[in-house]
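There are two complexes below, and they share chain A, which is joined by chain B in the first and by chain C in the second.
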Partner chain A sequence: MNKDTNMETKELTTPQAEHLFLKRNALLVVILSLFYVFMAVYELLSSVDNLALRVGFWIVSLFIIVDLIWILIRVSSLASKVKSAFWFGNYEDEFFNHLNHKAYKYSFNMAIIASFLLMMLSDNSFTTPWLDENTALIIFSTLCLSYGVPLLFWLRKGNE
Partner chain B sequence: MNITNLTTPQIEHLYLRKNAFVMVFIGLFFLTQLIYDLVSTAQSSTDLKIGFGLVSVFSLIGILVYSITVSKLARKVRKAYWYGNFDDEYFNFLNHKAYKYGFNSTGLVAFIFYFGPELVPESLLTTDNSLRVVISIMFLSYGLPLLFWLRENNE
Partner chain C sequence: MNRVKNMTTKTVSLPQLEYTHLKRNALLTLLVGALFLMDAIYKIVAHFDMSASGLVDTLTFIFVACIIYCGYLVLSLVVDGLNLKGLKKERDFSDEYSLHVIRKGHEYALACGVFIAFVFYLVPDDYVAMLSENMPAIFLAFLALGYAIPTLILLREDHE
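Take a look at the complex of A and B:
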């Protein structure tokens, strides 16, 4: 599997490799945050005594984990090709650099909005016990989702 | 200050810098408030508490003063104010780079907080306190690098 992806990336030019890397990285980030969101929701629902619901959640989480590992391998196979993008987030191709930084901006702003909203919510006695454990998780997944989803949208196939 | 004679890059430079100051003051405000609360639960009244209270008030004044100057400049640089897109390429680059720093440090802090009591002191783990930590780290890591890059002898 890894060998194939290496073979496949060997003939790519730098912008092509960066395009692939950015896309896979965005997918990785989105799936990572989905994984965390699922864990939080599962915890919230664990008080509900419904076997089908739990099994459903387990299957989806398992699927997400497999996906996560698969994409992690794909991203790391590209990382040696695009070292400065992998370590410092600086892309040689101007357009991808612009998109990457724009996504950072989106996610920074979304995280600010999310944290101020949560701050207002935190006075509510109904949400507090669950929220106490999952605040960091919510911020983290907001960051990840609002970084990855715009990138995936901009890099979709029909948008070239 | 008379800004009518300034060129767009000069105004953008001023705006970016003042905005970074606002961000740093917001970060300081949340951080000192948090420390103030933590100190006052530990001890009823100390010099430390008064010091942090003063810094908190000082940063609130800083937020107000700089927000007024920023909003004055905002009319001249609407695109930068509303969308964060600067006409000058260099300031655009710096602004976006600062966002990257903010994103990475916030991600790191949120990830550390996710592990809960194993890595983070219990007193920080309530919603309110962890949000204050995240917000202050977010704003400081956006503002401080910008202030460092835009310092006067770095031109």
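Take a look at the complex of A and C:
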């Protein structure tokens, strides 16, 4: 299915191109945040001496990296079609504009909540060196996940 | 000015009410952001032991004044919220311009947040050891300021 739509990129109308772009962008953001989550978890796992766990971890992270590069190529292949969406986040189609900004709102609120919780945690004795070092990664991936996951939900086939 | 608006809340139209609500919300966010930023600065200043210079006293004074004003703003926001029942469910404004403004605010805040997260991630810990202790607070502050300042600028009187 996806391969077909990729082949037809040149004959897409603007709303179709924007739909594809928004979807791929959401996927890209989700995968990017997974990438950062894995980066943070890797440090935690490096102290555990379990071969199977490590091999599984490496396979999954390899898959994520390949996926990241592939989805990056596909997003940038659409960029010339949807210039204002790519550079400024302004979608010509009303509905996609609405969805994009709604996702921004969710992401903003989640980022506030996450950083507030982390701030509360950092004052107590719950904190660990791992948490201190990876605060930026955790907040960033929370921000990305809460942008991408609602968008992917809204852009399912059934919701169109 | 604010008091006059508050007295006539019951007779103003919905867009005006939303405008007031948005403006107060932005002001509150600005103050909260300033408070968190000041908290972090306060800790850093306390670290250097500059109590003789009077800076700490000044900061404390601003701190208390901000907290009192925040309390007033929260009260007036609650009063607004009772009148704006639609905002509670979806938090979408019925007025186009207010919607545009709050969306712009979210955009700028997220851009700010991503930027700060990357700065904290990329800069080595040795240089910013004191900063990284207060990292969630500073992140929260920049998120709030990035939301509040564009919103307040867009809501100036001459922009209407």
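Note that in this section the second predicted complex is superposed on the first by the 150 of 160 C-alpha atoms of A that agree within 3 Å, B and C clash if a C-alpha of one lies under 4 Å from a C-alpha of the other, contacts with A are read in each partner's own complex, and residues count from 1 in each chain.
Throughout what follows, a residue touches a chain if its C-beta (ideal position, glycine included) is under 8 Å from a C-beta of that chain, and two chains touch if they have at least 3 such contacts.
Keep in mind that this is a model prediction, so the values were computed, not measured.
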On chain A, do chain B and chain C fit together or clash when superposed? clash
Partner chain(s) touched by A:Leu131 [first = chain B, second = chain C, both, neither]: first
First, second, both or neither for A:Leu118, with chain B first and chain C second: both
Have a look at where A:Thr14 lands relative to chain B and chain C in the superposition and call it first, second, both or neither. neither
Which partner chains sit in contact with A:Ser107 here, chain B, chain C, both or neither? Use first/second/both/neither. both
For A:Ser61, is the partner it touches chain B (first), chain C (second), both, or none of the two (neither)? neither
Chain A positions touched by chain B in one structure and by chain C in the second: 89, 101, 104-105, 107-108, 111-112, 115-116, 118-119, 122, 132-133, 135-137, 139-140, 143, 147
Counting only contacts in the complex, chain B reaches chain A at residues 84, 96-97, 99-100, 102-104, 106-107, 109-114, 116, 125-128, 130-131, 134-135, 138, 142
In the complex, the residues of chain C that touch chain A are 91, 102-103, 106-107, 109-110, 113-114, 117-118, 120-121, 125, 132-133, 135-137, 139-140, 143-144, 147
If you look only at chain A, which of its residues touch chain B in the complex? 36, 89, 101-102, 104-105, 107-108, 111-112, 115-116, 118-119, 122, 128, 131-133, 135-137, 139-140, 143-144, 147
Contacting residues of chain A [partner chain C, same complex]: 89, 101, 104-105, 107-108, 111-112, 115-116, 118-119, 122, 132-133, 135-137, 139-140, 143, 147
